[in-house]
Amino acid sequence: METIVFSLLNGIIYGLLLFMLSSGLTLIFSMMGVLNFAHASFYMLGAYFAYTVMGATNYWVALILAPIIVGVVGMGVERWGLRRVHANGHVAELLFTFGLAYLIDEIVKIVWGRTSVNYQVPDALNFPLFTIYNAQYSAYRIFILFVAIFMLCALWYLLKKTRAGLIIQAALTHPHMVGHLGHNVPAIFMGVFGAGCALAGLAGVIGGNYFITDPAMAVQMGPIVFVVVVVGGLGSLEGAFVAAMLIGLLQTFAISINASFADIFGFLGLSPTSEFGSITIASMAPMLPFLLLVLILIVRPTGLMGDREV
Amino acid sequence: MTDMTTDYAALEPSRSEKFRQRILPLILFALLLVVIPFFGPSRTTLTLLNHMGINIVFALAFNMLLGRAGLLTFGHAVYVGLGGYFCVHILNWIDASDGGFWSSVPVFSMPIWGFAMGALAGAVIGWPSCKRSGTPFAMISLGVAELMAAFAYMFDSFFGGEMGISGDRMSGPEFLGLSLGPLDEVYWFIAFWTFVGVALMFAFTRTPLGKLSEATRDNPERVQFIGFNPTRVRYLVFIFSGAFAGMSGGMAAVQDEIFTPESLSLIPSGAVLIAAYIGGIRYFTGPIMGAIVLTYMQSNLSDYSAGWLLYLGLLFICVVMFVPNGIAGMVYGGYDAVRKGKTAEVLGQFALRALGVALMAVSVIVIVEVAFRYSEGYGEVFEPFGLSLPPESVLTWILAVVPLAAGIWLTRHVTRKAEEV
Amino acid sequence: MNTPVLKLTDVQKSFGPAKIIQGVDLEIAKGERHAIIGPNGAGKSTLFNLVSGLYSLSSGSVELNGQVISGKKPFEINRMGLSRSFQVSNIFSNMSVRENVRCGVLWSLGYGYSFWRNVGNLKEVQEKTAHILNEVGLLDKANLPASLLPYADQRTLEIAITIAGGAEVIMLDEPTAGMSHSETDRAVALIEKAAKGKTLLIVEHDMGVVFGLADRISVLVYGEIIATGKPSEIRGDPRVREAYLGEEADHFEGATA
Amino acid sequence: MLSVTDLHAYYGKSHVLNGVNMEIMPGEVIALLGRNGVGRSTTAKAIMGEVAPVGSVKFKGQEIAGLPNHKIARLGLGYVPENRDIFPTMSVRQNLMLGIKDMRKQGKWTIEQMLDMFPNLRSRADNMAGVLSGGEKQMLTMCRTLMGDPDLIIIDEPTEGLAPKIVQQVGDMIAEIARAGVSILLVEQKLSIALRIANRVYVMGHGEIVYGGTPEEFKTRDDVRKEWLEV
Amino acid sequence: DTVKFAFIDPLSGPMGSSGDAGFTSFKLAAEHINAAGGVNGDQIEVVGYDNKVSPKESLVQLQKAIDSGARYILQGNGSSVAAAIIDAVNKHNARNPGEEVVYFNYAAVTPAFTNEACSFWHFRFDAHADMKMNAITDWIKSRDDIKKVYLIGQDYVFGEAVAAAALEQLSEKRPDIEIVGNELHPLAKVKDFTPYIQKIISSGADAVITGNWGSDMTLLVKAAADSGLKIPFLTFYGGSLGAVAALGEGSIGTLYQVTEGITNLEASDDQYALIEEYKDRFPDYDYYYHRAFVTMNMFDMAAEKAGSNDPIAVAKALEGLTYDGAYGTVTMRAEDHQAQQPLYISTVSKDVKYGVDNIDLGWALVDNGTIPATAAEAPTTCKMERPE
């Protein structure tokens, strides 16, 4: 029982966290088709900006201001960089963001130093909210939960309630035609990329002090965000959400299972001392998202809830 | 039927043209490989050259997928790694065996074993992944790469854990009188197999399957209606690509005598993508050029500046933005213009552009170097050519701004001129 | 008429709730030149897609030379001797014209997925390619990238790829769409030449082409064949006029008269 | 309403338009005729900013040459391109929705009206536009452009690839659009239609306007037809 | 003349700062020796070679270093790199007699390097994993209130080795202790450690032992602090750069480390001056790599003793050499080239002389935290082949 409650709770929070990290990418990837490898770098920028702004003012100002600054940086990147590259296809865009990631990482090191900064959770949120089975749940985790839900709603509104989503999708393949229909395609692209970056920045503000704010934080986020977006399915916000939750829960539950392969496949004659047999489910947990990614794409190239091939 | 043969002759490039386009470059390449040692390269240079050879084969294998078959993969180092690991194991078997099968296997043959292992891995992993193309394919490769990298840490008996496994290239029977101990002998080994790899992969582009892979890249739907199964085409190409990647792994096993899990991680997979793209994926020779440039930069740029990653990032961005066809595109573009008799014009433009870029580079370097030193806080001062450029000096600021502005103006000017023509 | 080359029996196709093809029966004899006409959205291209294996049938069967081909993959059907073109040019745009055609001839000459032979040295392949390029009149443009061809030439290349494999049955989907009159005339001549001794199935909206080329015509309306017959019969059929030709039928009567 | 003065256009080095001059009055339907490849589509594209125009294009008195295409569209100039350019992965309804420039304003036409006008489209309203038949795509493109309430609409080869009967339908539709007060520049090959709907025809040759007049007058000018059009 | 030392470690990228911290230490140590007249009259030069933590790249840099005349190699980050360098150095020395190089390992702690894989050309100045574990278990022995221990580590050879050593040593020294968990997680893949912490809480553990490094270590302890788990996390790498800053006050009473010295130990004025000089020169970092100074000073001693800067002579002189360091006596054991030195268990505290990471928290020795060299010592299986 204890395990189940824990796993459920942690799984949900972790899932929301994943969703938060990947929501900006969902927007950019599914709308513009750009595999933004610099996403994590914008996430990092969010954390650092927040650290600086917080130093000058307070956390709440940082929470608002830092994502905006990141968004503006993102718009600049789109305006003077990505837009030029767009015509050369997705691989070019991807490499552009690749290079951009290097650039941002190095600039962060120049500006904020090579080691981690002391970016801490504000006191107002730094207290245990409740305790179950001896484990405290800090208020900040619950705060994360709310912010993630806010991001979900904001994105949902942007995609479903405005036509921006449709226009961008159309503009991806037929930019001229969309222009002839009276839509300002470049501005919309810029806006979307900026919004995606701002979301990444917001995730950075929240994640930076929950985890660590150092120049390696971008690299460490790794490809997991891509997994969430792709497993969920392109063009599907719900999908990304479901995928994030699924991965969160799957991983958390897996961690709580101490059984080894030998315990499970023992009937096949797998011995617990063999190399394969001694691997436990728990130790496989962080690999599960990637396994899921491969399996899903083989079975369903549109992802869980996507409406088109990734 | 007689007019048919004339048609045919008119269509085909002439014999001399064929020679010039296909055989001659290979001969020149072989000559180059043979001539290099006579310049007496240092062991450092030899190591670098050997890695270039390995990366050339790898980048070409990668481009069989990306450039030729239109399949982007994020995990191609997996095949290098598997091929390489297998070969290191063989090195150890050779070392350990006395009289058995392995004792008669020369270390020189390692790339063949790597090739076989790469093909096997390609055949196994390619089976499910080649059912997809485009981004799903790329994402599957990403997932597979992550899984393999994790397995490499879990299965010690094959991968040797974090420290990997090492072998000794000097065991087993000698071949062609090469003990493979000293680096110059290893150079011959690498040169031989680099040439074989390049020649074979070039030949592959001219086979029916090679052509079909291009057709599948352009239009997989139509391929079905000329009698081919695009999945099958992709799968076969994938196996070959894996095999050649494995072959480069075999070469690396002999050169480095060690394989670690890092070699099948996302890092080398990303590097090869960058190399191929910088070189130009639309040209056969592009990845070769890219591999040479990137290998050099990865090993040597860090000698000059702590900010080398920043430069590398800037370079990628600039190549992607301004030279989308890569180095090869630039080279062939220039070559075409020269052939059309516009040498002077092209050279003039090129010189102006180079000047513009150089000017911008000066500023960028000044800014980056000064910023780096300033941020480190060791009080070091950037002193190129005897100039002293502390962050607060006016000269620093002039150098940071003026050449940049001039360079931008110049390149824009040249571009506008070129467009007007 | 001996056994038909192509035989469709009660072919049906639905996309979700929409029944697009609702029971088509069609027999095409060897050597026949058969045209399918019908209003836009009647399902002509869909029918092509069903026969050539791009879509799977909802029910019914398609036979080629007495063998059931429904359910087979497009490349299998192609290997059995049925080749088709597309309404929207569907060529290999980054390859040269010659390479486009050459890819088309490879399978029929037995060079499946071979990777040990140099295409340049396959005399047969080269000659057949040259032959076809010559036939369609693209020889002088052989080394151009296909994407740089003018529209009409792209349509021609589309036909060239289709006939390159030497299939017995050739299906052309609006081969002359978007061509000018003179280009159309050239295309018709080309089709006549290429289809000599073969079975031709063609979809066209240009009545000049249809009436000029076809031995027999079927009229497809809302997924059903409402009439099949000689051109003269079709032209006079009131149902066809009503559903398809409209006033233009008179125009053509006038034109051909 | 639209006046084009000395318009030139280039594809790379080839000079396609050599100074086109034409005028369109409010409420007029103009047919632009000419052989294949004389540059009719290019004229349309140059007006719409798809190829770089050299010269002057004035719409409602405002110079539009060089403006980005969305600005031109927002001034009330609609464009139905040759290749139709529907958005294949979206439903018919979504395609129509994208034609609306400003969701807050109720335009002259609603999606429902459009679907009523073309029952074919109504039955496919929630299908992906990519699977529509050629004719259905043509109708969709035209409807989509109308959703943006244009004052002048340039239609390039609307009847290409259409069944004879549908050709008539499309012709009727264009006439109806004209009746609603929208000016039309129709680039068309099929004389029968062009002459039926147009108030005025222009004939192009070698990148220039070589003839302009009413359909009645044009019918009498066999010389123009012989020299500049295919018979 | 100069004696060239090649410092081969990451100097760029995500790991760059930890390489740089080592590099700066070696440079300062060399400067001090040079200022005191150098070694046998020669000046020492430490040149950095960026290996980007890649074993392959390390081989390229190694070759570069050797060609440029370096006869001494310094490296520490990553056992995979260390293994590659040992292997390459062995082969190089065998294939190029007369041009031998010696490798001073200052931080790669895999026990094998001074056991079955030992080499005459390799000297380790850091305590290896088993020795550090000896220190940890020795300290636990003195803490009767610890009854349940949880082991968690990264799922690869090193993590497994740490767990195995802990199991074995605890069962020997404190058989009453119950191992309530033995967990491995994939390397650098876990983002949120809360589920693991929850498992630890449920197990009722009194202490956690982990060999985790990098973000795996910081995130683990951070998650513990967030969940209100206040038990000692005994780590090897708690002192790594930026960890304390990232954890903030959450690290007090949670984060423990074992090292060969900490700045807040009682020391001579000279040592204090050195610490301050380092901080002054390199404000981003803290005096952490004490062993860098030990390494260079012992090299100096050995060279003077041998009367030559030749690698073989120095290596031979180093065997068995004893050096009186700031934090105790260091002996280079001749059998396996493993430095023997006292180890210290410390934890994060607020009132300390020297903070770390530019905040006011620093490392303070815990009760019974001094582990003498003899207690930390581990036996070796090394059978070394020596030249001549």
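Every chain is named by a letter (A, B, C, D and E) in the order it is written, and numbering of its residues begins at 1.
Keep this in mind: contacts are C-beta pairs under 8 Å (C-beta built on N, C-alpha and C of every residue); 3 or more make two chains touch, one makes a residue touch a chain.
Going by UniProt, the chains are A, B = Branched-chain amino acid ABC transporter permease; C, D = ATP-binding cassette domain-containing protein.
If you're wondering where the values come from, they're calculated on a predicted model, not measured in any experiment.
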Neighbouring chains common to subunit B and subunit C, by label: none
Most remote chain, CA-based centroid, reference being subunit B: D
Winner on C-beta contact pairs when B-E is weighed against C-D: B-E
Farthest-lying chain, centroid of Cα atoms versus that of subunit A: C
Centroid spacing, where centroids are CA-atom means, of subunit C and subunit D in whole angstrom: 31
Inter-chain centre distance, subunit C versus subunit E - centres from mean C-alpha coordinates, in Å: 75
Rounded Å distance between subunit A and subunit D, as computed from the means of their C-alpha atoms: 45
Residues of subunit B touching at least two other chains: 150, 154, 156, 307, 309
Per-residue multi-chain contacts in subunit A, two or more chains: 105, 109, 113, 283, 286-287
Numbers and ranges of subunit E residues touching at least 2 other chains: 16, 155, 186, 189, 284
Those chain pairs that satisfy the touch definition: A-B, A-D, A-E, B-C, B-E, C-D
Residue numbers on subunit B that touch subunit C, as the complex places them: 4-5, 7-8, 10-12, 18, 203-204, 206-212, 214-215, 217-219, 221-229, 232-233, 236, 240
Subunit B - residues contacting subunit E, complex: 42-44, 47-48, 51, 150, 153-154, 156, 161-164, 166, 168, 170, 181-183, 252, 256-258, 260-263, 267, 298-299, 302-303, 306-309, 376-378
Contact footprint of subunit B on subunit C as seen in their complex: 52-54, 73-75, 78-79, 83-84, 86, 90-95, 98-100, 102-104, 106-108, 111-120, 122, 126-127, 129-131, 133-134, 139, 142, 161-162, 164-165
Complex contacts: residues of subunit A adjacent to subunit D: 163, 166-167, 169-170, 173-174, 176-186, 307-308
Complex interface listing, subunit A residues touching subunit E: 2-3, 6-7, 10, 13-14, 17-18, 105, 109, 113-118, 120, 128, 131, 133-138, 140-141, 211-217, 219-222, 224, 251-252, 255-256, 280, 282-287
